[in-house]
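This is the structure, below, for whatever I ask next.
In order of appearance the chains are A, B, C and D, and numbering begins at 1 in each one.
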Amino acid sequence: GGYNEAASLKEQAAKGALPPVTNRLPENPLVIKPVESVGKYGGDWKLALVGGGSLSHLFRYQAYEPLVRYTPDWSGITLNVAEAFDANEDATVYTIRLRKGMKWSDGQPYTTADVKFWYDTVLTDKRVAITGQGHWKTDGKPAKLDIVDEQTFKVTFPRSNGLFPLQMAWSNNDHTTRCPRHYLEQFHIDYNPKADEVARQRGFQSWIAAFQSMAGFQDDNSFFLNSSAKPCLFAWKFKTAPGENTERAVAERNPYYFKVDTEGNQLPYMDRIVYQMVADPQVLLLKTMQGEIDMMDLYIATPNNKAVLYDARQQGGYDFYTLTSTEANVMTFIFNLNHEDETKRALFRNRNFRAAMSTALDRQTLIDAVLVGQGAPAQPSVKQGDPLYNEQLATQFTGYDVDKANAMLDEIIPKRDDQNFRLDDKGRRLTVIFEIDQARAIFLDLFQLVIPMFQAVGIDAQMRTMDRSLWETRVRQGRSFDATAHQFGANGGVAAMLDPRYYAPTDSNAFYAPAWALWYVDPTNANAEEPPEETKKQLELYNQLKAKADKAGQQEIMKQLLQGAAENFYVFGVSQPPDSYGIVKNEMKNITKIMPSSFGWPTPAPTMPEQFYKA
Amino acid sequence: MLAYILKRILYMIPTLIGMSLISFMIIQLPPGDYLTSMIATMSESGQAVDPAQIARLKEIYGFDDPFYIQYLKWMWGIVSRGDFGWSFEWNQPVSGLIWARMGSTLVISLLSLVFVWIVALPIGIYSAVRRHSVGDHVFTFLGFIGLAIPNFILALALMYVAYRFLGQSVGGLNSPEFAEAPWSFAKAIDFLHHLWIPIIIIGASGTAALIRILRANLTDELHKPYVVTARAKGLPEYKVILKYPVRIALNPFVSAIGWILPHLVSGVTIIAIVLNLPTAGPLLFRALVSQDMYLAGSFILLLSALTLVGVLLSDLLLALLDPRIRFN
Amino acid sequence: MTANNNMSVNDVHSQAALDGPSISPLKQGRTVSTAAVGPWRLVFGKLVRQKVAMVAGAIIALLYLVAVFAEFLAPALPTTAKPQYTYAPPQAIRFFVTNPDGTSDFKLHVKGYKVEIDKVALRRTFVTDDAKVVPIGFFVKGPAYKLWNLIPSTTHFIGPINPNDPMYLLGADRLGRDVFTRLVYGTRISMSIGLVGVAMSLILGVVIGSISGFYGGWVDTAIQRVIEVISAMPTIPLWLGLAAAIPLTWSPVSVYFVITVIVSLLGWTSLAREVRGRFLALRSEDFVTAAKLDGSSEMRLIFRHILPSLTSHILAVVTLAVPTMIVAETSLSFLGIGLKAPVVSWGVLLQDAQNIRTVATAPWLLIWPSMAVVVAVLSFNFFGDGLRDAADPYDN
Amino acid sequence: MSDPTDDVVLTVENLSIDFSLRTHILHAVEKVSFQLRRGKTLCLVGESGSGKSVTARSLLQIVDRPGRVVAGRIVLKEAGGETDIASLTPTSRAMRAIRGKRIGLIFQEPMSSLSPVHTIGSQIVEAIKLHSGLDRKAARVRMIDLLRQVEIPNPETMGDRYTFEFSGGMRQRAMIAMALAANPDILIADEPTTALDVTTQAEILDLIKRLQVERGMAMLLITHDMGVVAEVADEVAVMRFGRIVEAGTVDAIFHDPQHSYTRQLLASTVKLTHHAELVVPAAAASKASPAPVLSVRNLSKVFGWHGTTNTLKAVDDASFDLYPGENLGIVGESGSGKTTLGRLILRTVEPTTGSVIFRGKDGQEMDVTTLGKKDLRTFHREVRLVFQDPFASLNPRMTVKEVIGDPLVVNGLAKGKALEERVAELMRLVGLDPLAMERYPHAFSGGQRQRICIARALALDPQIIIADEATAALDVSIRSQILDLLLDIRQRLGLSFLFISHDISVVRYFCDRVAVMHRGKIVELGEATQICTAPREAYTRSLISAVPNPDPRDKRLMHRQRFVAPANA
């Protein structure tokens, strides 16, 4: 059919520098229905990144092209790179078909060979030892990959893996669409015997380091680093990648992008994405107020900043969009149930202790002071209105009652010292140090108010703030912290099943029980600890959930899991997260005005930035 | 003289070794290494981490070597190949990153130095000559206000002013529209528009100290007999002061020039973060926070080495200016 | 014969005294006294005559009084947050209330607020409510505290007569805490902790600089190299490294204290260089040789004979270093390695104010702590200036 | 000569200068009047601190800060009339035109009066260019010419040298060249020869005289050396306590003094031309052949790096003995190594070669050059030094009580009340009022300071005192009193003096034997009277002949012999 393209591309095609658009598009391009209207070509999407370590946020703007992607409302998934994505009855065999004639951004064909290359060199190559992609494994073993033809491949699991499609759509979870064989071959010893030499020329110690770095799968941040030479399938590809310049990064339209709008215009509409690297969020805030940013929510959209952003709408030429919260709670209090200290461990594992602490919180005050009254007292849970809502989980122990909290604590740790602080079983003052990542400003504010509340019931609660990386080291890898606070998790729908961190310790994000999570992943690990029966039951339920292929079945088990979570009461929280916001320039069109806020559903990528345009 | 320079250069070698060792030690002080923060980020996005793989990565990065082996490897790379190591965070050789930022750092440092001198010299001279006059008190007061207001607060306030009342694009050294443009007159003007805030802020804290020291030194010199001699020749007053006591009172500043670089880099880091300046400070700060050890270590080493050179240069300059030192 | 000789000397002496250079008193009626005055009396006398220095000294004394009696002087507690008053602007103290019949009475008070919540902009807007009179008084009952963590009391120097009424003389912060109270409490930490570091780097700088300059030779060369290494090192990596290396169980105040101490262990170099330079010049002075010939030990030479010549310089350095430490604390807080909440210091207050929201809509959060720092810094400097001028016996 | 008033170039009338001090107003100069005439020299003599320098400075309006001209006129004759300098603003153009151009000033302290960071030549060139409008090249030629005139050797190269590369005498001469740069009508020379030995002094006086004759310059010469006055003055004004107590022709002042102070000055001067009469070396009298208390053998000191050509033999193979109760004088040219010799004996400067044997009270001998730190300290208790510069040797931050008491304290000899009493006793001994013990050094006059130093030297009851120019800074009357005091103390305490001086009359008065030093070597050693009256060595003869005679009717300097050193000595 007659496809249309951007003027600049048309020019190049006319000159012969590019093949004609029909040849660049796959035989069956993905047709996108614009949110409002068919747009026009041109313009830059001006964005910013704060700090060097936040490159993973690029997945939100530029790099969400999995085989299947989430729908804009996060109710499920829809086809994207894949033309077809089929599962068998018991979710053990998946058959996936790619688009014929689909090409990388340098014009090379994208085929099952690329998938196979990834499978061989990344997923299963022990030398390279790149981690992750757990959804490709059951019982720690990778699924089997069968290449049927250039476009078709089969993934076979030994055991049912019903969450596989949902997880494939999770942000950054789909390596298969980001591993250009023809480019990466040169760095791998199996494909290029001189790979070591190539590596050394580029300053690497060995081909392994070079391959890891060039593939960029070892961690979220490095995928984009210095990546302008790496072909991709995204709507925009880097011309100046982060790292090649430490001040700004620029991505330009991909002439081979595989999507068109309903009128046959090749997407994306906008010419470029321009990122400024900003060191401090306050500068970004000013830049936003000045109108230098087109659409953003990260870093700036805090409750505290809303007032100034609101006042500057005129000058900045922007307005707000709504981000519905997907997090389980504004802030979750986490006690270390696997504490090294025996006395503390026993105490923290006591459900009544946690319940008493929860009862000691005056949630309404916290909500009024920090959230400007937005929010409602709740524990980390699925939100009201969601089919999975569990009232007990959401509301138990949210009533503020100092006397009751004291009475509950008196049953467990009645003794007090001369300053009226409670003593633990060993006669030591019960000091609970909450270790907090200092970048989370809202936590710091909440804790300033929370600490006196805990002290009022005789607990010597203290807060230590620290840099993010130190916090990661201490809390995620350590066993010696008393307690911490965190957010995320999920409050409903698909997300709750994919990220049940506060309902069962399924992965290392379950800070309250790192040793149990480890046991779940790898029972043989030296640091793993066998969880108690009721937790084992939760984990078993999650295994069952993963094996279910149908949505109804998954929901049924999830309900049981949530009820178990209510009984276990691992963690407690403050409030249901209020909706957040972002700013978008008035000239930006085809923007979805209400969308979830999440990393897994990489806001706003599933609302299809390729069809954004500037009026 | 030549012997003296040679001797000083020889002395620099052990000093540099000491510095490299200390820089390496400092960056190893925090628990963990780059790998731990990398693993942390990996887990953040829900990836499970296999301990065996961690061990492999450690080996590849050389993190399981003992401290001194890592240090020696690093030093050997620098000495034998000029290779300062690998930046984990930026996935690049360290040297490219550093040199890119060093230029702007030096430019900003030098410009603010010039600014500070231009402002502080006349004021310092005035304050010394008219000690305890109203003008002296006013300048002292203003200078100290600059010293007392934390410069990041000043930076923020000035940026807000620039945004609110001047409608200027804030932060960085160029407006977005000029970021990719080649150098032109308009770009230079835009550059200057961005430069005044950092220069004023860096200057604000520096001038007070300079004024004070100059005032003190000059007060000591003003009543020396050789000044009266100059006056007795019939020289006009301004010449008397500029040619004789000021010349001598400046010596301590000349000898301090060499030490300015580390102060500027440390002092300016915060401002650079707030103002989003592409200088060494923020990059060094990031590298430290993320434990990007070779980047951080090389930065520290390079700054120290530059300082040493600066110290040598300023000592030589001083000898050039003050014959008493030259001939001792 | 001997007596005779002595006599003649004394004769001339007394004759000279009789017929000395002519002098007259400064003012009519004032007696002329050239009698000896003790050194400290002299310094003090000169200091008193410098008005600026005296005012500065009085302010420093006042600041320390505030630091000592913070609990009593503050109208509230630094941690008490009232969500309904987040970002409440400062109130003016008023003296008269108008009665319904038109007469006015003297009554110390502030006006209450009318509060509205703006759900879209996510903020509370405050309007002064003229109808709401919040009477305030001195020595009022308020929230309970323990003075110096020992003496329980509820009496506050100033406060609203009804403890539940809002009184925010300098406004409220983003959690509805009283800025005035926090400023008063902040004085305590800000004016004390840095001093230890100052003292330490002072002692180290003086001692090491003295030794380097006094002995010269290889001792000097070695010390100079050490100084080079230390002072060429940027400080930020050090702070960060140390901050991460200190055990977490330590309280924030002690962590900060330790970092301060360690950094002052490295912060002596500039003073040492200056002291050394002066020593190099002074050690060959005749009066030092004279003291050596008198049998003074090296320690005595250094500390009794040479160092006093540096007092003015050292005094200046100290008075500069104290405020520098106060300012440094705020910068460190900014980097997240200084003091941290819930500790209250001026630096922490400024760190809290370090955002556009405050600059744009709540400038009082920025202005008052900045003012406190500025006033302290200026006071220290003017006082130091005065002290230095006064300590110089040869300055007129 | 024609009408004397025609010759007057400057008239000072009733000049009064006040210093407003902390406690009182000091009238440093009161109602001073004098006139300067073309080609004539007016000498201003008087007690130290009598206001001579202040008067001189007021002529150029450069009196130090608290000082102020409160009354009087300073009238300068100009081509078209008269200018009252006292009424000009110090920074005005008119005043600047007078400075340097009309009135040249040679400062009292040549050491610090020149900028340390500019070459001597450039400082002179600046003065030339300022008033003559010559270009740089021409100014430089003139500068070299000036330096040659003031007898600086190699003026072409020396002009590019810095102050510290010049010896004291050369600096003084450079200062003179600068003052003469713009051909002033009036030259004010403020003690231009205090720091110099008699030979150098004589040469400088010669030079000034010659220039004065050549240019018809009027000169105001300030000095406390009555010999110099007698040699060069036409008129003399005697100052005391800020007032001119007597003025007249040089002949009238010397031969018909009216005021008691003038007479006292002259009497002291005459007294110092003879050897002290009542002195019999106590030890020498009692013992036939006493063992020397100090034996110096082959002592040498080389300054500069070894092995390079840049070395200087400051002391060259010096040997002598000092007997108990003896006063040994050391005289010689400036820079001949006198101070260095004294310091070598005390080892505040380490000798290069040679030995110093000291015999203690118990008769035990020790070689000072090999002593350890501890023994050296004991040695320093027995051999004390009075420094050449009393002010510099007093710690400005210590009271006199602390200064004098310090040796007692560190040697653990006295404490508290006892210390105070001992200090008071010492002060009384040197004729100071013990009430002043809490004062700082700057509150004393030069003579009193010198006496403080002597008291400190005496505090430990030493055997030897090395007195380095202990009376150089004093006017004659005070000087003679101090010398008498020392003689008296020697007699009572039985100690020996090593008396270093450039003032031959003082040496003759005070010493038993004299050693003459020249370029580090002791060239002659003998009885004081013999050296002063019948010197054997050529150098000594020239030295003695350069001593100015305090009698204007017998100007000896005219007949002095120049000593030409053997080449490369």
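In this section, a residue touches a chain if its C-beta (ideal position, glycine included) is under 8 Å from a C-beta of that chain, and two chains touch if they have at least 3 such contacts.
Source: prediction; values computed, not measured.
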| item | value |
| --- | --- |
| Chain whose Cα mean lies nearest the overall Cα mean | B |
| Result of counting contacting C-beta pairs for B-C and A-C, higher pair | B-C |
| Mean-CA-position distance for chain C and chain A (Å) | 48 |
| Centre-to-centre distance between chain C and chain B (centres being mean Cα positions), rounded to whole Å | 27 |
| Euclidean distance of C-alpha centroids - chain A vs chain D, Å | 90 |
| Separation of chain A from chain B, taking each centre as the mean of its C-alpha atoms, in whole Å | 39 |
| Where chain B touches two or more other chains at once, by residue number | 30-31, 156, 160, 289 |
| Set of chain D residues in contact with two or more other chains | none |
| Residues within chain A bordering two or more other chains | 282, 286, 289, 467, 470, 474 |
| Residues of chain D that touch chain B when the two form their complex | 60, 62, 64-65, 91, 96-101, 105, 107, 109, 112-118, 126-127, 130-131, 162, 164-165, 178, 181-182 |
| Chain B residues touching chain D - in the complex, by the definition given at the top | 223-226, 228-237, 243-244, 247-248, 321-324, 327 |
| Touching residues (chain side chain B, partner chain C) in the complex | 11, 14-15, 18-19, 22-23, 26-27, 29-31, 137, 140-141, 144-145, 147-153, 156-157, 160, 164, 209, 212, 216, 259, 262, 265-266, 269-270, 281, 284-285, 288-289, 296, 299-300, 303-304, 307-308, 311 |
| Residues on chain A engaged by chain B in the complex (per definition of touch) | 46, 51-53, 56, 129-134, 170-172, 203-206, 208-209, 212-213, 218-222, 225-226, 243, 246-248, 250, 274, 276, 278-280, 282-283, 286-287, 289-290, 292, 467-470, 472-474, 476-477, 499, 507-509, 521-522, 525-526, 599-600 |
| Chain D residues touching chain C - in the complex, by the definition given at the top | 20-28, 30, 49-51, 66, 241-242, 278, 346, 348, 377, 380-381, 384-385, 387, 389, 392-399, 406-407, 410-411, 428-433, 435-440, 442, 456, 477-478, 481, 484-485, 488, 491-492 |
